[in-house]
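In the two assemblies presented below, subunit A is common to both, partnered first by subunit B and then by subunit C.
And now, the complex of A and B:
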């Protein structure tokens, strides 16, 4: 262990963490607005990665250009899933049912992806994935920087949409209090559907970066979803800023642990931190303690 | 009325007892053993999660603990592979209960949906520990003493022990359901703050229920370890196990007594059968997921409650003599 390795792991953690933050933001947005835990977020990321893979391998479309196709595709997939299944869930066990429904959706998608693409690991390739650049004395593949930039752009776009537009105001109103939002004339149903679409759409970008930095198959979704869930719980469920901070923090800590103690323990550190933080602060770092949870 | 209500348990039990005597094909008795193991797990899981509404997606921790306890003890105590290992099955359950205490102390501090996520996280902590520690054998797992029984009769003892665990879990679940403690769990499900205000020691009740549910799941894990003969961390601490038993209980009817039994019997048998029929597990995933979507969307209360509601409506329509449902026995009637 030396200074360069530590610096490397911090830079790496911040760059990769921002991509996780993007995917987690989609998840926490869905939870905040709809009170739904979308367990399928992991497989949506993999679906996005496979779409980018298919476009680049079979049609020769550049990974970033392909996002113009994959982001709208996943947006539509999200809307269809919300309309077809999630909007039908009612009753007191809504959160639990949402976990099961999205899990069932995830199983179907996993099975289909497994049949179409087989269980062999694949990786996305492009010149910027295979070539590196020297930053602060450390060699990094271009994709890490490009992915970081993409995540920042998309998070910025999301921020502008949520805090600077009329639609964003209705989303935030629905986040704060659904009943009150409906009373002042916001169509909460429509807001929910669009939010689910948006929350899923960001996985197209996240999936492309994930696929370019990791070898993946349909099974990788379990690893992803467990991390994403930890991130949103740590940040405080429904807190957009919390997801951002927790995403970058967790991945950086994981990378640091992997340098200091070895990679076998780095996954573990992820969950241990969660357990410690929640023992001290059950609502997460930025979550608000709800007065009464029915 | 009460005889009509409980009378059908006996013939059903008789069918289960007779099954291995009639069916000699090991392929099908193996399916039977797995179905029973999952029936025990789902029933025990439901005893906490179904009654209290706290969905535990980390129950594989109990299962895996039971399996590892069995493997480590039978290796270190040099238990010969002659069936003596079966005495260690309850020990597996007890160790799972011991593990459940710190697990519950952490996870039960938070409410509902956060609880779900915490249980998933703790599950991964335990799975990764099993992979990383040396005494667990790491990724290569542990092998148990070989049992030199003939293939034709091999399944029978496992079948009956699993059946015993299922009966035990069902009786325990029934007893909890009828007790003051069970009512406290239900009160927590319906309104935790109000239950607390009315004097229910919510944390103690939740922790007790959580720990109690670990026992039968741990025993099932221990039995599974002997049955399979070789355990790997990724198969005994399996995220699919967590979700499967939740699906089974909800498929049948969350919080009901029969629901988890029926759900586990149908889904596990189907899974084993489909895996045999199509070696492709991905097709199975698609079928399983699609079926589950249909169930959740059209019978959100589970098959048992759906059928019972149909029956109640039918009998209410046909005659006026129908007795109103006893709220203490009707299971999940909220909503």
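And now, the complex of A and C:
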């Protein structure tokens, strides 16, 4: 181990972590507004990766340009899923039922992807996927740099939408208290549907980066969802900033541990941190202790 | 109150006894029956990883089992009984695989069992079916831990895992000093399939004077290989031996190596590159050039049984001989071993099949000759090294083999 290796692992962690943060932001946005846990988020990421793959291989569309198609497509998929299944879940068992319903949605999508694309692994290819640039003696892959930039742009757009628009005010009001939001005239149901669409839409970008940096098949979603759930729990369920910080922090620490103590400990570190943080702050790093009023 | 407690205790004891008797009855009934009524199919059960980490291999195994069953049924089945396969998915889980075999035996009352995919799942599966007295012929569980477990019912038709890298190691050692690499890096997943291969190869290579500059094990659960691959690249070894179980691992390392502008003179991975077109599709056809993998079979094998199977596979699924996954052949060979055992024993008694397979008999299969030692390992297969040369998957090692193609060494640059 040397200083360069440590620096390299930190940079890798920040670059990769930002993409995980982007995917997790969608998940936490959905939980924050709708009070449901979308365990289908992992398969939506893979769906996004497969859409990019199909556009790239069959139509020759560049991976980043393809996002102009895949992001709106997944937004629509999210709207359809929310309207068709989730909006029908009512009552005190809503959170538990949402896990079951979104799990069912995930299984259906996984089955369809398996049938269409088979279980064989694929990976997204473009010149910037394999090339890198040397900065301070460290080779930085373009795909990680571009993924980081994409995550910043989309997270920035999400921030502007949430804090600089009228719709964002409605979302934040719904995040804080759905009953009060409804009382002041906010159409909470409409906000929920759009938020679910947005939460799923960001997976198109996350999926594209994931597919460019990992060989994947439909079953790759299981690894993803476990990570994403850990990230939003650590960051604080419903906290967008928490997802961002936790995503970057978790992956960076994991990469750092891998270099300093060995990769055998890196995955363990992920969960050790979670246990420590939750022991000290059960609501997560940025979560609020108060219970939301539905 | 006391009366109720007594009644509860009596009921508990009774239910445990009934459950135990039921288990014994169903298990013994399932395993002892060596005959099947005329006109009834022979039911063969297997648990395969159709989802999860090993899904690509599991699906290829399923294709192999199905291909064998179709071929055998076309020949009249087994002793006149049509073969019916019952394959259920274990989602690549070492715990689910146990449940699956228990269910196949005690609920579905399968007559025979075929093995799952990977050493990781074969050991718990073999232990589970052993409790019912069933034989488990398998093609993807060659780890030493399986044969050191004392089980007498498990038979691996494929190459014993520990020997996999031996031809590669011997080739490195045999190179003239001017061409022989000076340094080597070993990096492996902590999997029962990969780990045992490394020390055997390292011993041979070290004896040839090649210095080990990196030797680390990574957790099988790792999903971000970048920091590990970066470490390997930083070690700048001339040869890299990667203990991998699947395509994504190999693909991630290759990508990270190229991004780090690191191109070893030789690169071999224990599994992944043997998956035919699956591997090419994942990494890109030009990218694979020069990558090596150990195995005992490849699509271009001249073995008559293999040629026939490959032709039937292509007829059914399309593609080319190079693109046929070695898993397909390993699964097909399992069926061939069972065919021979059933014919020889004249029935479906698992006890007789186990005795027969331990008798030292040699069975011909698509993998070549199969002969089990007292532990159930196949001591017949020759380990080969294969290499991707362009879009062709060719045998390169042992170099003395008449069918061997010249090794592409040093490996061309990535994407060359």
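Methods note: the second predicted complex is superposed on the first by the 290 of 294 C-alpha atoms of A that agree within 3 Å, B and C clash if a C-alpha of one lies under 4 Å from a C-alpha of the other, contacts with A are read in each partner's own complex, and residues count from 1 in each chain.
Basically, a contact is a pair of C-beta atoms (placed from the backbone, for glycine too) under 8 Å apart; a residue touches a chain by one contact, two chains touch by 3 or more.
Just so we're clear, the structure is a prediction, and the values are computed from it rather than from any experiment.
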| item | value |
| --- | --- |
| Fit or clash between subunit C and subunit B when superposed on subunit A | clash |
| Touched partner set for A:183, first subunit B, second subunit C, both or neither | neither |
| Which of subunit B and subunit C A:267 touches, first, second, both or neither | both |
| First, second, both or neither for A:213, with subunit B first and subunit C second | second |
| Partner chain(s) touched by A:254 [first = subunit B, second = subunit C, both, neither] | second |
| First (subunit B), second (subunit C), both or neither touched by A:110 | both |
| First, second, both or neither for A:160, with subunit B first and subunit C second | neither |
| Touched partner set for A:122, first subunit B, second subunit C, both or neither | second |
| Which of subunit B and subunit C A:222 touches, first, second, both or neither | both |
| First, second, both or neither for A:93, with subunit B first and subunit C second | first |
| Of the stretches 62-70, 116-124 or 296-304 belonging to subunit C, the one that collides with subunit B | 116-124 |
| Set intersection of subunit A contacts, subunit C complex versus subunit B complex | 110, 114, 218, 222, 264, 267 |
| For the subunit A and subunit B complex, residues of the former touching the latter | 31, 37, 85, 88-93, 95-97, 99-101, 103-108, 110-112, 114-115, 218, 222, 226, 229-230, 232-233, 237, 264-265, 267-268, 271-272, 274-275, 278-279, 282-284, 292-294 |
| Residues of subunit B touching subunit A in the complex | 53, 55, 57, 106, 109-114, 116-118, 120-122, 124-125, 128-129, 131-132, 191-193, 239, 243, 246-247, 250, 254, 280-290, 292-293, 296-297, 300, 334-335 |
| Subunit C-touching residues of subunit A, taken from the complex the two chains share | 4-5, 8-9, 12-13, 16, 110, 114, 118-123, 125, 129-132, 139, 141, 213-220, 222-223, 227, 251, 254-255, 258-259, 262-264, 266-267 |
| Of subunit C, residues touching subunit A in the complex | 50-53, 55-56, 58-59, 92, 190, 216-219, 221-224, 226-228, 230-231, 234, 246-248, 251-252, 255-256, 258-261, 275, 277-278, 281-284, 287, 414-415 |
